[in-house]
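So, here come the structures, one by one.
Here chain A shows up in two complexes: once beside chain B, once beside chain C.
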Partner chain A sequence: MKIVAILKQVPDAESRLRASASGVDLDGVTWVMDGMDEYGVEEALRLREGGLDAEVVAVALGPDRYEEALRTALAMGADRAIHIESDEDLDPISQAKVLARVVEDEGAQLVFTGGKQADWDSSALGPAIAEFLGWPHSDWSTQLELAGQQVRVRHDAEVGTEVLQFPLPGVITTQQGLNEPRYPTLPNIMKAKRKELKRLPLGEVEQVEARTEIVSQTLEERERRGRILEGEPAQVAQQLVQLLRDEAGVLAK
Partner chain B sequence: MVLIVAEHADGQLRKSALEAVTAGTRLAGELGVEPVALIMGRDVSSLAQELAGYVKDVRVVEHDALGDVRAQTWTAVVSAVAQELGALAVVFSAGRVGLSVAPRVAVRLDAPLLEDVTELQVEGEQVVATRLSYLSRVTERVKARRLPVVVSVTLNVMPLPETGVSGSVQPMSVDIPEADQVVSVGERSLPEGGRVQLEEAKAVVAGGRGVGGPDGFSNYVEPLANALGAAVASTRAVVDAGWREYEEQVGQTGKSVSPDLYIALGISGAVQHLSGMNRSKVVVAINKDGDAPIFKAADYGVVSDLGQVVPEIVKILKK
Partner chain C sequence: MIDFTLTEEQRQIQSLSRQFARDVIAPQAARFDRDESYPEEIVARAAGLGLLNVGIPQAVGGLGLGMLDEVIMGEELAWGCMGIYSVLMASELGITPVLLAGSEEQQERFLGPLVGKPSLAAFALSEPDNGSDAAAMKTRARIDGDEVVITGTKMWITNGGLADFTVVFANLEPEKRHKGVVAVVVEKDTPGLSYQKITGKLGQRAAHTAELIFDEVRVPVSNILGEPGDGFRIAMRTLDRTRIPVAAGAVGVAGRALHESTKYSAERQAFGQPIGNFQAIQFKLANMKIGLETARWQTWYAAWLVDSGKPHTEASAIAKAYASEVAFDAANEAVHVFGGYGYVDEYPVAKLMRDVKLNQIYEGTNEIQRVVIARGLQKA
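Right after this comes the complex of A and B.
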């Protein structure tokens, strides 16, 4: 079986973003594999290590720098990687169209991707890939069992969690709780350099046109009162309740 | 027309369904068309009547395959109704279900998706939305390049609509293809009884490592949440330490909340956590480390031992 793990490269959560005239300036940020995607790579590797006869292919769509994230996936243990090169600012639905094409061309049966992308803050990629392929999906998955072609997966429902069951092929979006992603070891990082990393220009894979356009971006700076209360516990408590009720208006009077 | 997808659970319309009604009705007004609300399920005619108290035109689809909420069956119904009625926009609420279904509907309708948006405007003929990106560190305005457009609206942002409309309810029948029925829903696990649901909560009390341990939740976080009628949340560090369940985690890898009041107890305020809560209207931080970044994201800060302050607050609230 072929398993595709889709990944993104995003600014590290602790990187400081700066504003520029044209929007957000990402020069100088530290780029990392999206933490949510690591769970998918890890889960694919665990299925293979658990005895499943599977080839794990890491796939990414993005600019040159994405290669580093793909190398990380190879160093974690993926068998090979495909990089669809594009500098375009494609919305998640358009990204999904391209990635679904790759999954189809590869003849993969199982696709993993992160539950939420840390650049677009979007959860759309997995469901949209599944829809382009006509496959079922489970999003925000925290537990996965594969018995033959049957998937049994626990995921977040609107309230609480529920178990979904369906036959492969399918798309699983991942989140914390599914597993503990491994760190690449030095020997595996060296070994990864010899693994296949295929580069394909976007135009050779799929013709897409972005469906949305970002008009403006500004750093989110929510005005906060930033008021520090001081005094004895009982006094501070009294003051806080009063402020929440009278000034902020969030407690019933 | 603008199609509003109304969610329900346990025989009740969700609050988020009503928020979607507000967003969809406003958008329809700006586009110069009528709003139409859609409710689907196995036995939802009384809910459809209730919905008709908010929207003039309600469509109801009842089908045996709609007993459980499943992304593909919902996609089939919403897409078919949107096409039949010629929707210019389809509006979901951005809870777990809406976030799961809206992308599939966008693909099926060959439409752009505006996801998890806090504001919607029509400029010329185009729909423009405001939303957050980069772990909620950036506010962006995004334009859909064509219509129809599929939209999901952030929970707890839109006001509730006024009731008193006497709308009509019309049943519609939709074929749900076999290919959309391959998923079956098994065992469910609900949060402990009596708990307020996190994402729709008006108030949230969250605990971080600074509460000291699982006891910190039973001694401080839960009593304060109970006194406020608030939901309980936690940070990744707390979940990683095994003190609390994943379902309660707020942040990048957990849930995003936007309550009126968010009280952070013993939380340092890593970007990872802030990205899940910084849409809250009012933020209170109680932490004994005065340098903790959470104070920069707070409206009211108390630099103190939470073990002393929280019981005092609970005492006042209970009076």
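Right after this comes the complex of A and C.
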């Protein structure tokens, strides 16, 4: 069986971003594999290590620098990688069309990707891939069991969780809690160099055009309210508790 | 051609080491510092990831990483804790004489068993009464049939007593001074070998440092590295290399000092604004950055010389002396930026200063580095 883990390379959460009229300035940013995609790579590896006869293929659609994230996946233990090269700002639905094509060409039966992609902050990619393939899917998954061709997945719902079941092939999007991704070990980093990393220009895989255009980008500015409460200590404390509970929502009601 | 681009592999090594330092080492560093205890679990995890004994050649099952790989890794790990990095660094120091002077058979016998395990090596040169003047050593060796017998005391030995093997330097013919020195591999649990852990260190308290006592310790003559009389040269050639990771560790500490200072000065308010708005603080940050960058490039340069098989004695001496001074200054300034909070262990910067003081001392004091540099200048 073939498992495809789709991944992205995004700015490290600690990176400082700047925005100008021409968009977000990504110079000097430290790039890492999207944390959510890491759960998918890890889960695929665990299935294989659990005795499943599976080949784990890491797939990414994006610019040159994505290769580093693919190398990380190879160093974690993926068997090979495919890089669909494109500098275009493709929207998630167009990306899904391309990636669904790769999954089909590979003859994969199980696809993992992050529950949300940090770059577009969209949750659409996994479900849209499932839609293009006509496969069932589970999003925001936190637990997975595979028995033969049957998948049982626990996934987050608005309040609480649900357990879904469906037969393969299928698409699973991940979420924190699914597993604890491993570090690539140094020996595996060295071995990764010898693993196959196939590069394909986007045009050779699928003809797509971005359906949306990014017109402008700004960064969220977080302003502190800096509210100062005044009065008798007992009153202030009471007021503070009330605000923390009702406005900030950090205390249980 | 000058090219500062790291290979894909080196970037992965850097990113793994960085992640490990941030997620695993840094959060636990204060505890090991406070308790002055050996970070066994962290060393085991590092070994599991392949971060320990990276210099062991591929021929005996190791990764055979180069010096540049090692310094890239070292800088990141030391960012998390210089003391914990010293455990790994001292093990590389211990294996280096075997790499430089050991036969294939010796490399297989001594280095092979370390691969993939949290097993350490150690290097024993300094003594209670001499450090920089290594040729004045009092530890004696004599040949008795097919055994070499060692008696004496070695001091300040990182991993001393914990290491699977220790390369010991002893004098066979004291009248010949440094030309009488022999380098011998002594395995753990050899009868007559004992150790005493040294406590009360100013910094690097997670690193296990010991006094090693050799009381008529007998090992086969096949444990001698090179020829009898080569020992001093082997020790010097070893240190010519291993000073570079000492520099890399210092660069890591300088980077941490800058990171903490930048963060703190953006948060801490004085006179109605963040203290980072004041030039007095900005200049400190800028100076830390100047030191950090220049020390890193000298360290990389020295490492590149080693990997290219070029002479590196002077470059490694410059890197070690310069990086450790720059890092001490950066840590000292970080303490100042933090003010009162810099003087207590609740915040990480006091430890940086305590830890990195040792980088100015061990593996050849910075004075000895200057002697090395000056000798090179006056040789012509």
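Assume the second predicted complex is superposed on the first by the 225 of 253 C-alpha atoms of A that agree within 3 Å, B and C clash if a C-alpha of one lies under 4 Å from a C-alpha of the other, contacts with A are read in each partner's own complex, and residues count from 1 in each chain.
Convention: contacts are C-beta pairs under 8 Å (C-beta built on N, C-alpha and C of every residue); 3 or more make two chains touch, one makes a residue touch a chain.
Everything quoted here is computed from the prediction, not taken from an experiment.
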item	value
Chain A as common anchor, with chain B and chain C clashing or fitting	fit
Contacts of A:R71 with chain B and chain C, given as first, second, both or neither	second
First, second, both or neither for A:P187, with chain B first and chain C second	second
First, second, both or neither for A:E196, with chain B first and chain C second	neither
Touching partner for A:E145 - first (chain B), second (chain C), both, neither	neither
Which of chain B and chain C A:G35 touches, first, second, both or neither	first
Degrees between the directions from chain A toward chain B and toward chain C, using C-alpha centres, nearest 10	130
Chain B versus chain C as contact partner of A:D89, first or second or both or neither	neither
Chain A: partner with more touched residues, chain B or chain C	B
Least C-alpha distance (whole Å) that remains between chain C and chain B when both complexes are overlaid	5
Chain A to chain C touching residues, read off their complex	32, 67-68, 71-72, 75, 183-190, 192-193
List of chain C residues in touch with chain A within their complex	8-9, 11-13, 15-16, 19-20, 48-51, 54, 63, 65
Complex interface listing, chain A residues touching chain B	11, 13-14, 17, 23-24, 35-36, 91-93, 96-97, 115-116, 118-125, 127-128, 130-132, 134, 136-140, 142, 152, 156-167, 175-177, 209-220, 222, 224-230, 233-234, 236-238, 240-241, 243-244, 248, 250-251
Sites on chain B touched by chain A in the complex	7, 9, 14, 69, 71-72, 75, 95-97, 99-104, 106-108, 111-116, 128, 131-146, 179, 182-191, 197, 203, 228, 236, 239, 246-247, 249, 252-254, 260-261, 270-272, 275, 278, 281-284, 290, 295-305, 308-309, 312-313, 315-317
